[in-house]
Every structure is written in structure tokens, then in C-alpha cells.
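Note that subunit A is present in both complexes that follow, paired respectively with subunit B and with subunit C.
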Partner chain A sequence: MSDSKDLLRAPFELAYNYKRSNGPVMSKFFDALGEQTILGTKTSAGKVFSPAAEFDPETHESLKDMVEVGPGGSIESFSWIEAPQSHHLIKKPFAFALIKLDGADSSMLHMIADCNEVDLSIGTRVTAAWSDTSEKRITDIKFFTLEK
Partner chain B sequence: MSAEDTPKDYSESPINLEYFYTAGSATTRFLNQVKEGNIVGQGCPKCKAVYVPPRGSCPRCGVATDIEVPLIDKGCIESFTVVHIPIPGNPIVPPYVCAMIRLDGANISFLHLIQDVDIENIRIGMRIQAVWKPKEEWTHSLENIKWFAPIDEPDVDVATLRFQES
Partner chain C sequence: MKRVAIVGYAQHPILKNAGALNEVELIMPVVHQLFNDLGISQKDIDFTCSGSCDYLQGAAFAFVEGLSAIQTNPPIKESHVEMDAAWAMYESMLKIQMGDAETALIYGFGKSSPGDLDAIISLQMDPYYISPLWPDRVSLAALQARVLLDQNIITPEQMLATVIEARANSKNNKNALITDLIDESDYLNNAMVSSPLNKLDCPPISDGSSAMIIASEEKAYKFTDHPIWIEGIDHRIESSNLGSRNLATSNTLQVSMNQLNLKNIKFDVAELHTQFSHELPFLKSLLNLQDVPTNLSGGPLVGNVMMCAGLDAIGKTYESLKENQFTHGLAHATSGPCLQHNMLVHLEAQK
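Here is the complex of A and B:
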């Protein structure tokens, strides 16, 4: 039996270069992000989903009406990341949070940065900070920061 | 409307999984030999089955395969697929052939590429031999074998590929 230090070891990377079809509703949502605007979809009962939902999960109604929401909102819940790892987009301590944007009835999972853990609590007001480059993706919102 | 203004109806969603692979002792023994250009299977002391590539134990008998069995780089095609659809990132141009290779003296097969073959003529039992990369390119990998190519020997009787109770 070989000593474990004699075993062969090697780094290994498995990568899938997927493209995801956005469809008519999410395309509008992502196009708007490229214009630094956050949209949601509105049900006939007036409920607003942001990120946009293609269907109302309760009534199964197909959703097409888009309304603008945010860019401010409040924290519904959060998880502080004290030691970001290589796959995290933000390299200093930050939070993952569910943010209910103004005008929306659902919440968006995103990041909150440029703050300390003690600054955050459920209900704290935050606002979108935009990325310098527009790629029509969710990361066009760089992260959320504390509302001044 | 320029290409950049065209609304895009898809998002890039790459997924990357980074591993650190540790070969077990059986695979380490095997790959150390592969680096030297040798194919060494491992035999079961109980049922005498020869495994290449070896995993260190016999799944039938549940015992360690501690017998080293040097093999030659010749064998036959146990099964094959002709690939016609290009796979993104794969430099091999279709159509090409992937086959399960059964080396002479082995009881299991492994997947490798077949080249220098007339695709119309490929068949189970066809005799093949490894085509190695230049020695200076050898690493701890079965990719030291570029592919397997047909050789001018009579086909193997398919019945002999079935597992023989000993």
C-alpha cells in the first residue's frame, strides 16, 4: 500500500458554458437592467414581482405588464459573508440579502456591500449601486448599499 | 440597428466546478506506469479477472487486486459510437469514433478514441493498437495514447468478450 503522500494529486476543473434562453418577459427585465432600470411584472390583482415572474404562482396567470420598481428597498433577510471565497464576486466582507424593492411585493436575492455587519438589520433601507458596464444581466446591479 | 443594439434573448450562464483530484493507491500505481509507456492492469487473486484501468479491488469478489498484470497495447473494439455532433470546446472534428477498448488479457474495457479508420467498416471485435504520443510528451494520463488504430489481424470472436466464469 502506498503512503498517502505518494498519491498522485491534480487540480481538475469541470466547466459548462451554458447559454440560457431568456424568453419574452425576462428579456425585457434584463434589457431594462442594461438601462439602469429595475422592472417587475404586475398581476391583474395588482401584485408586483421583481425579479420579473413569467406566471403568477397562485393564479397561474401569464404576466406581461411591466412596471418600474426600486431602486430603493428594504432588507427582508440577510446572511453576512465575513470571509468571501474565490467564487464570490465581492472580495471583501458583504451580505447576501433578500431585498423587497419599493413597489414590489416579492423580494430579490442580491448582495449588499460597502457597509459593516452591524449596519444591517431586517427592514434596513438599501439602494442599488450600478455596475460601470452594462451587460444586461443581474450583475448590472453591482450590489446594494445603505440608503443615504 | 447595429449588432450591439440587437436585443439578446439569452444570457451566458457558465458553471465552473473546481476540484482537487486525489488518485487512490491503485490509480497512482497504474498512472505511474502509464507515464513510462506501460499499461499494467491489476488482477483479482480469487477470480483471476484483470482490470484495466484498475480501481484497486474486484467488485465481484470484494478483495484487493494486488497482482500487477503487464498488458500489451493491442486489443479489440468491444463497442463503439460514431459521433456526428460537434461538442463545444472539443477540438476533434466529427465524424469520429469513441470506443470501449478491450485490451488482450483484460476483463474490462475503457473508453478511448479510434482514428485512421474507415467509419463504414468499423465493427465490434475489430483488432486495434495504441498510437502513442512522442515519449517526451508523456504524463500521468491515458492521453499519452493519442488514439487506437485498426491493425491487420483477424477479428476477435465476440463470444470471447463475454465474461467467462472461471
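Here is the complex of A and C:
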């Protein structure tokens, strides 16, 4: 074996360096999120998707009308992580959850923290806690917490 | 529809860590085993199609290297799906239907051991609303498990029974990775990974490969006296908007069931690509398989090679029909979170 100092080395960062456009619907959703407001898209039949969907997956109707929803909502389902992994954003026990925001008919996947597993069940009320800095990303909602 | 048959299937022993064995070295033995069993070579194959995931290898177009496992000179007709190889079989079916091929070789491969599978699968999700939250595959599956438990569609006892039976059934599968038996207390003493799923509710990290050969009716009998016919195949996908799906059922699977007229078929055996313990009782109930022996191979809970396990469900159904003189078999392959994309394959032994 050669001495390790003899080996040729080159930096290699594994990444998919694509730039994505948010498009007309999601741009509005993320702009509003930066202002701590959650939007949804509304179908002609009055069904509201939040996070904003570009089309109704059932009818394929293109969606443009935006309405404000949340910031409170109820838990549709959750999974509790007692020991977070290194890639998780929250480093203490937390939940991934599907949260149906007030005024919406679909659920948002997000995280719930600052609580214990026993505090949570389907139907439990939660509300958005905001990140300190706005990046116009889904993580502008830091996580959800129990509604007081 | 032209009749198409499976004429051969081979599976690499499922490994916990293939180590220095690279993907090509995993594919070669299964392809060559098939060729040797049937007494044919790459020259007898009109179309070759593979299924794998570049994210697992960590490089764009990494799948191209897989072709080093087969003879590509003189040039061959070939394709790849960034999906489970069950969908490579679907593409090959279409190719035969179109009249572009009479025979097809399908292979799938995956090494999950080198990376962090939970993190990698997160990257494959919706890049706007879901990936930035880094949800791991177990937590996403657990969301569906909780809905099914909450609505009494399945019970915790069924999940326990699924895990115990999978390990007992591993004796039927010479390639199984997990073969040790467990009892109820082993199960209950296992820590939750993402509640309500504990470690034993989840499939093992697995490395391996599989291959299959299908052929038109004309060619099938040249390869074997006992082809197994693909009598029906249908696949449908649900919305990528996880929060808009009803996780308590699968509307798309029900459409597929009607499409294949499943209610009029008495199945002798089924192999379902159910990676988590709650998925087996859920799908057995949805597909009306309560009285049908299911996952006699142990299924994904005893070995779950990413991008192969769906093809393996088809392959294990094929083997079951061949070895047990059964007539009808049902295979299921899936992809995406919470059984988002499903394929059903109705296989029939020749009467």
C-alpha cells in the first residue's frame, strides 16, 4: 500500500446543482409564507388545497384562486421520532405530521415540536411557529406547536 | 393483447452489505444464471431494460455502468427506468406489444448499504413542499400506519403477526437476508423508529439484484415447456401531493383491480411488495386476499433490495406457480411514499 500522502486527492461534493423555478402558483405561496401568511388554492367547487396545488389531482382543474388558511389546524396523522437522525432538522424528539389547516380541505406535511408524544393524537389542534429568518421556503414555518 | 410469458427469473442472495462487490458484479451472476438455465445468450434477447436508482449510487447516469454486466457489442436495443425493475418489465411488455421485440431481458439492482437510505429517499420527494423537511421513509410510512390503525382497518396484532410470519416464511426463500425467528416479546421490546413503527416493522437495508426474461407466445415455447403467462398487468399512481390523498384506502388500486377483473379470479398465491408490516394486512384486505397464501417468500421484511423488490414479488409469484402446480398468482409492486404508485400483475400457469 502506498502512503496516504502519495494518493492524488480532489474535492468532491455530491450534489444535484439544479436551480428550480417556483412557477406562478407556488411563487405566490412562498412569497406569502415569507410574510408569515399561509395560502391555499381554491377549486371552482370550493375545495382548498394547502400547500397550494397547481391543479386538482382528481378533476385536473388548473388552480389560480388563492385564499388564506391557518395558521391553526388539526392533526390528520403523525409519526413520532424519539431519536432524530443526523439529516433531520430538529435535534430533539419531534413528529412528522399531516396537518389540515383551518380553511383547507387537504393536509400539509410538516413537523410538530416542543411537545411530548402523549400530547398528540389525530384531531389535536396545532399552530404554526415561524422561523426567525424568512427564506420563502416551506421551512419558513419552523414547525407546528400545540395550540394554547 | 399479444400473450407474453415469463420464462425465467433469477435472484442474487440478498446481502446486508455487498462491500466491494459493485453493481456490475451483482448483476452478472443473475443474468448469466438465466442464460445458462435457458441455454441462450444476449443474442437471443431483442430488448433489454433495467431498473435502478442513480441516487443510491450518487451520480447522474450511474445506471449506464450496469450495462457492463451484459454483452452490448454488437449494439443492443436497451432502456432503463429510474424505478423498480417491475416497471422495466412493464416497459418490456409494451415493447413486445408494439411488435418491436419478441424477447426481453429485465434486470434490477440496488446497493442501499453504502449510504443513508432514509436521507436519500427524502431527496426523491417533491422538492418544494416535502424534501426540504427531510422526512425519512419510515416516518412517511408511519403516517399511513397510524391512519389505518386509528380507523381500525388494521390492528397492532396483525402487524405483529405479519413480522413473525415473514420470518417464518423466510425458510422458503434461499436468498432471504433475515432468517432468524422472533416471538411476541422480541417484537414488543423493540424500540420505535418512528411511532407507530418499530425496527421490526421495517425492511432491512439490503443489497442485491434480480433478472427476468419474458417472451412472446411464439418464442416462449422455444425457451421452456412451462411458461407462466402474464394474463393481466395494470399500474396507476396517486397524487404526489401527499396531503391530498386518502391514506385509508387506495382509489387507484381499486381501479386496477376492476381493470384486471380480479373479483372473478380465485388466486392460489400472492406476493405483495409490502415493505412495512402494516401494509400487508391493509393490502390483503383491499385486494380481497384474506384466504390467499401471501408472501410465502417472506416478502420485503426479510430482504428488500431497492429497485428490485417489486420485480422480486413478480419473480417469487412466478416461482410459486411453477413449483407448486398452482394456476393463478397475483403480484404487486409499489413505489413512492405510502403506497403511492402500485402495479398489479396477474400470472397464470398454462393449463
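To be clear about the criterion, the second predicted complex is superposed on the first by the 135 of 148 C-alpha atoms of A that agree within 3 Å, B and C clash if a C-alpha of one lies under 4 Å from a C-alpha of the other, contacts with A are read in each partner's own complex, and residues count from 1 in each chain.
Just so we're on the same page, contacts are C-beta pairs under 8 Å (C-beta built on N, C-alpha and C of every residue); 3 or more make two chains touch, one makes a residue touch a chain.
Here the structure is a predicted model, which is why all the values come from computation and not from measurement.
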Touching partner for A:20 - first (subunit B), second (subunit C), both, neither: both
Per-residue touch tally on subunit A - higher for subunit B or for subunit C: C
Partner chain in contact with A:31 - subunit B first, subunit C second, else both or neither: first
Subunit B versus subunit C as contact partner of A:8, first or second or both or neither: first
Partner chain(s) touched by A:137 [first = subunit B, second = subunit C, both, neither]: both
Common ground on subunit A, meaning residues reached by subunit C in one complex and by subunit B in the other: 14, 16, 20, 22, 87, 137
Sites on subunit B touched by subunit A in the complex: 7-25, 27-29, 31-32, 88-89, 140
Parts of subunit A lying in touch with subunit B, wherever the complex brings them together: 1-2, 6-23, 27, 30-31, 87, 136-137
Parts of subunit A lying in touch with subunit C, wherever the complex brings them together: 14, 16, 20, 22, 26, 49, 51, 53, 57, 76-83, 85-89, 96-98, 100, 106-111, 117, 122, 137-139
Contact set on subunit C toward subunit A in their complex: 58-60, 116, 118-119, 122-123, 127-130, 132-136, 138-140, 142-147, 150, 191-197, 238-239, 241-244, 247
